[in-house]
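The next part holds the structures, each set out as structure tokens.
Paired with subunit B in one complex and with subunit C in the other, subunit A is shared by the two complexes that follow.
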Partner chain A sequence: MSLNRLVTLSRRVTWGSLIPLFGPNGKVVSNVQFRRLFRTQTPSLAFAKDLFLGKVNKAEVFPYPEISREELEEINQFVAPVEKFFSEDVDSQRIDREATIPPETLEGIKQLGLFGIQVPEEYGGLGLSNTMYARLGETTSLDGSIAVTLAAHQAIGLKGILIAGNEQQKAKYLPKLASGEHVAAFCLTEPGSGSDAASIQTRATLTEDGKHYLISGSKIWISNGGLADIFTVFARTAVVDKDGQKKDKITAFIVERAFGGVTSGKPEDKLGIRGSNTCEVLFENTKVPVENVIGEVGGGFKAAMNILNSGRFSMGSATAGMIKKLIELTAEYAATRKQFNRSISEFGMIQEKFALMAMNAFVMESMAYLTAGMMDKPGIPDCSVEAAMVKVFSSEGGWICVSEALQVLGGVGYMKSYPFERYLRDCRILLIFEGTNEILRMYIALTGMQHAGKILTGKIKEMKKGNIGVALQMFGKKLRDSISTKVDLGLTGKDGVVHPSLTESTKKLEENVHFFGNTVEGLLYRYGKTIVDEQMALKKVADVLINLYAMTAVLSRASRSISIGLRNHDHEVLLANTFCSDAYYKNNFLMTQLQKNAPENNDDSIKKIAKDVLAKRAYICSHPLDRTF
Partner chain B sequence: MNSTRRCFVRFMMSTKALVPGASWPCSNLGPAAQILRTFRVSGTVAKKKSRPVRTGYDEKPERERSLVADDDDDDDPFERAAREAGTKAAFDGLLDVFVRRDVRRRGHVEFIYAALRKMPDFGVEHDIAVYNKLLDVFPKEVFVPRNFIQRMFNHYPRQQECAIQVLEQMENYGLMPNVETKVLLVQIFGEKSHPMRKYQRMMYWFPKFKHANPYPVPLQLPRDPVDLARFSLNRIAHDLDARVAVYQFPSTEVSETGEKVSRPHVVGIQSPEQRRLLAEHNPSRPVFVEGPFPLWLRKTCVHYYVLRADPLPPEEKVEESIDPERSFFYPLELDLDLDRDFGDLDSFDVDEVEEGPVFAMCMAGQADQATLAKWISGLQETNPILGRTPILFRLESGPRELQQATESEPEPSAEEEPLHSQGMKQ
Partner chain C sequence: MSARVLVGVKRVIDYAVKIRVKPDNTGVVTDGVKHSMNPFCEIAVEEAVKLKEKKLIKEVVAVSCGPQQAQETIRTALAMGADRGIHVEVSGKDYDNLGPLQVSKILAALAKKEETSLIILGKQAIDDDCNQTGQMTAALLDWPQGTFASEVVLEGDKVKVIREIDGGLETVRLKMPAVITADLRLNTPRYATLPNIMKAKKKKIDVVKPGELGVDLTSHLEVLRVDEPPQRQAGMKVETVEELISRLKEAGRM
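And now, the complex of A and B:
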């Protein structure tokens, strides 16, 4: 929600028409503007959240978002030289071996403007939309190290200035950041703090004259930590509460390396993305002027959340780009490798792997561009749940696909002289950074639960009180569900939005969505607000939701393709139908597990096993060769 | 103790005395005491039955003689051998002597009963080889039933019962028979005899119970008091993060005045969680050093002390609320007015009695306040709050005297320690 507002603010600020309003004391005016916007309700579109209520907000996801012809031409113009650069001038093997990106490569990337893809043009960036950013991400992901360096720079590093910075900050920092003259880094993680704000130790104290903050503390695993000149640093500051009490709150600062007292440690030696620079950054009494506070003092927590939430959506297209490349390389091998006088591409088990890769790439792409398109819609909808789903799905799908590709390649995939093992190493980080997939599943499930809970609380309470009317209504609904399995949410038929050749799959989606709504209601009835502690149930909820979103995305995309007659749209329909049918059964199983006393649900036993193991912090079974006599 | 052993030695050497075991004075020892009762019964049965066999020996004078001899006869060479040489060797030697003496093994049942009873005196009650050797005393094959009538009835009941007693004693000492035992039993009594059944039952249950205790105590406890304290404290604390600290190693110094000053060991344990609790303790409220509390490790009793505080009074308790700005990624709690449904409350209704926190534990060689103060000052290095908190010593005197009494005794020898600690128990 607040992301909307902040982005709205930044948009309005950057549109230029508002700039004269700020006048000489722009800061004050911007604050006023800020406050006013806080009260305004931006139209909030919430597709994913509504799925928790068993509703499909079809207007949001159908038809599949498009970009205009001019925009397409523009992006193709951008992409062509970037693709050329990555295939000709980037030596990924060398980057991986030497664990550093050569300066001439970095220079080339800067000249292509890739350091300021989303920075508005007036600040010297490319000013591209989310969709176009995703498109470029597809290409830059061909080298994991470069992709991560770029992401750390602009998806999180300078995002703070971009979405929450004031006019002066933007004017001061963005041009140099967009050109790549300065590199940005995002400093949140600390030795004792990953996702827990309470354990942030870095402290910012106001100097006596009130003009500077002194920042002291250490931040670890900072991407670009060694390269960066501008840091977005989160530190504790003493803030006076509404009720006059002093409280420690997190504040975000823009820190230049030139301020002094900033030292970065030795680059970490990593499993993958070895060329990206990750190191510890130490701040020792770094003097930061008060103008460099991002947003307001004590507002760092919200800023951090917004930056993190907005940085994720592009991972889907990036992973899809990588898999598409991998399919090409692997298919080449499978077609030429002969065993028993047959090429291995004739073997069913090899074919299965290619189908899986194609399907995953297709789904990821569909989800990523659907989400990017939603984010580009006017009104700036809050798509953080959708973006998180894209991240979870694509990182896990990517890992599976790379692993399967290596399996096709056999020994070749395992050798360092071929690029494949590097893909495997590089792509492992996707499941970990920008919020681990576990944490994002919690976010996905809990955000939806909160939304559904608000709406359903009254009904559930009535039911618990024993209101016969509500109970009968419930019973009637259940009866109806059990008699007829047909669910019509209006995606097909007369006012349908889906192409008739996808009707079967759409029915499956509708049925799943309906069942999901009932399941969520049941979970809320059973657990109430203590659902927060039921992580295993929440994981299943998140998985179902991710599948539902993926199904929606592929249906929407395939419908569009078939309707406008894109090349190979029949293949898309095939992929969409296969995926939907696959996901349908997975969803049904997951939701069956979520029913009360379901025999399919092993959660209690799983918990117990983990408890036993963790109590001893070891595998506790006796060795199979042990004897007692 | 010595007298009974002497008595047994003499019995072994006396070619005449076959039964007096039944009437010997015995020191009863833990599980052996239980066995003793059944022994007596079988002993008397044995006496009655074996009387016709033994001729020419009067029981009473024999007993008197041995009793008299107990008191003065100290330079019997075998007795000395039993005392001085390894006692297991002595016991084995005695069995060998009996086996070699008479090819018919006359009186072996009584001999085995007597030997069983004396095993703890020789410190061999936990030795499976000795039990097997004892079973080996039985003549082989003569008791194996040869036809169905014999098999149907209790064949050689006295011998079978005796063998069962051997197994029973093994069971009471927690000793599992091995293959050799089985082979012996088959040789002596045959496949389906009562001792064999007993063996099979033991072999059924013993392995099942072998690891029933999730917190096993090793058979041999560490000898060093510091190591023993380390082991015991780890056992009580049961927190994998808890770290044992030795605040003072035991040592003896000769002071300037020529007096011997012995410094007792002080070993403590504290976990990070306990450290955190102590750091959160309100320094205006006192903490207590309490003890000693007993801890039994098999037959050894050790004592420990705790540093604890009273539970917080209700008015000082602070409700911990979750800061909404705590988790960067997902909400830690939902803003819903819905509680868990009654049908999904799977926790039991447990009546919890609140106790004060225990901040640390220690074991010390001496139970006086000065020694324990060393512990507290050692703790203060990692828990600075202790410097500002009043500390009350609430030490009980009871076990302390006991400990002092045992300390005044000479260092017990290896074999005698369990017995010695048993004495403490009684």
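And now, the complex of A and C:
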């Protein structure tokens, strides 16, 4: 087997070339955007990329990030009044019923200072780190509508000014945004451009005198669209390339409602987060001074991606906070409700649900704060893949947990007089906005595979040049793999980074990571650059990666908890071990499906089924009661 | 007016927490349990800060007696608008035995040391429900007291206090320096906003030991036992008055 591999290594594998994006009718729409997205990444892609090579970058994730005692005391001080406000002065039921946040409540939130959490102190904000932002997110998530209003305002609405704006823009706009006097909104999505954000049609044309841009176009699903005074708007601008070619590139603008020509439609009637204002925003020849361009003209897409990437991780802590609250509410019920002469908390199927909720909350917290800690490290590390993984896991985990919590309460959970149905409706949006989970899975899988592909191509180039050393190295690896199944990536043992009581789970992680590296290699050989089109395979790749990151996060966190003796650390060990065991077997199955010609893989059949159904746009089977005679 | 107001704030178990008695019945579980400022102390701080905002007094000093964590409570008072804090360090056995008599001795000593015109306290703490500290402090200082205040009005060197009493409302006029204890309807305490919490970091908290104030902390009380309240028994419904009377007779209540 290994010799064959050496022979097949002579096949060229190219990477870094244009990756086609397909439009609605299957035609290649643009080749440019993905390339720009990948090539402009800073080289220091934190942790995930190495997993694709079957390695664990220990230093990035062990030990678990810590904050100083002063910071911890400070954040606890911050959380107290916010928790009090949300439990006493926020009527979530009323907000949901009336589909609006009462002005007094919004005013209270502004006064608490929650509109400028990450705005630097010199501009009137709190200047808190990503970790502190995540911590506050646990509390604000108690009301979905308020959480989304705040996130739309500061995690994306004003983020552009914060991370890419110049001094004048910051000084002009940030103070009023931090105090909440002005509310911000992020305007990217259009009727024809959702996931395919690069295809937006809103135009910004430079005036004759070169002093203003006139922006025209329509944006939809804009959170805070009706309340906002300041919009971060993305529009196409005509740009002359360095080759002298005229191109249409996206530029980010700060647009004030006061500039004129800005109209917001009526609030959308939504399933959940009904108190959050979502509407259409139309721009008709809105005059925007050239000083309001954020960053470079033509650099808008990159800015948009950076903005979205920077806020994503907080969904982990927000969802964890919500699940923790749900556990309390649900356990109260389960302990007192009796059926068949026993408390329902004694029944296995009910117990399973609580374990599920506890594990999910544990994993989400661990991942969120690990990511936030990585992002808070000096030098701007690119944690976009990690943040995407947190988002996918938390949104789907949250949806399942809320559903299970509702199930525990049975009929009672279904009633509007209890908050569970509202939490369920509020949660559904998490899988859709801030990048649909489908798009994020593609991003997670492809970014890593691109990295692995580059390294692989590099090695093959070396071998072709006659570098025997590299060839022997690869041959040796294949030989070792086919002989023994023991894996040691250096996480356990004498110089290990995990606590001894987590050894077994860590070994599972190492095994998974090693197998994953091989699986990725196999996929690259098999598909080359057409891997982009294999969404079902990429989904599995992404799912494995998310599980690996989750396992790493819980092992890192639990190790720290044991080492410093946090309260209930043995419960953490239990949660960590159970989750890792579960994830290990799931990963193995997913990776088995990804092997060449795996009988466990049904993807081809699935594609055929979908093709048949979509061709007729209906279910095509004859009715079971039909006769032919 | 160089009026200085001393406000006492106590760190207690948060009102929303379900209290549980320790297995050895010596007290309640406090380890790992959420603590916050006593609600009546919050009202006291709010009143003091309001007086300062109306420019009727010059300085608000927040005081708390207890271990290191008492400083968190003082910080909350600072975030609400107090100017500086005094942490009287009491820990271990001394803290377990700290009661209204000891605290009032400390407050009296501090009031003299800090040249205070007004002491505002919460009417009682929600953990021991003693409702004694304010009264004892006034007695030790030989100052007038206006307890259960639902309204406080400064009038020159006097203070008018409207008190909530069983029969209704009683208005008293006290010559300062005086002691006031806050009742529920005195005001609605403000939230410690996050920007104010950040500003409060720069405010000073002085740490003193009871010994430095010449206060003797020995307690003359000993807690023998703490038990949970008896479980609430189910009631029963009756159809007629006659049935009610017969049931009451059966239960020996008539």
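Here, the second predicted complex is superposed on the first by the 558 of 629 C-alpha atoms of A that agree within 3 Å, B and C clash if a C-alpha of one lies under 4 Å from a C-alpha of the other, contacts with A are read in each partner's own complex, and residues count from 1 in each chain.
Basically, contacts are C-beta pairs under 8 Å (C-beta built on N, C-alpha and C of every residue); 3 or more make two chains touch, one makes a residue touch a chain.
Bear in mind the structure is a predicted one, so any value in this text is a computation, not a measurement.
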item	value
Partner chain(s) touched by A:K461 [first = subunit B, second = subunit C, both, neither]	first
Touched partner set for A:G113, first subunit B, second subunit C, both or neither	second
In the superposition, subunit B vs subunit C on subunit A residues touched	B
Partner chain(s) touched by A:L575 [first = subunit B, second = subunit C, both, neither]	neither
First (subunit B), second (subunit C), both or neither touched by A:I250	first
Contact residues of subunit A, present in both the subunit B and the subunit C interface	none
List of subunit A residues in touch with subunit B within their complex	188, 195-198, 249-250, 301-302, 304-305, 308, 435, 439-440, 442-443, 446-447, 449-450, 453-454, 457, 460-461, 464, 524-532, 596, 617, 628-629
Of all residues in subunit C, those that touch subunit A in their complex	16, 32, 36, 72, 75-76, 79, 191-195, 197-198, 201
Of subunit B, residues touching subunit A in the complex	176, 178, 203, 206-207, 210-211, 240, 323, 325-341, 343-344
Complex contacts: residues of subunit A adjacent to subunit C	73-74, 76-78, 80-82, 84-85, 87, 108, 111-114, 117, 121, 126, 567
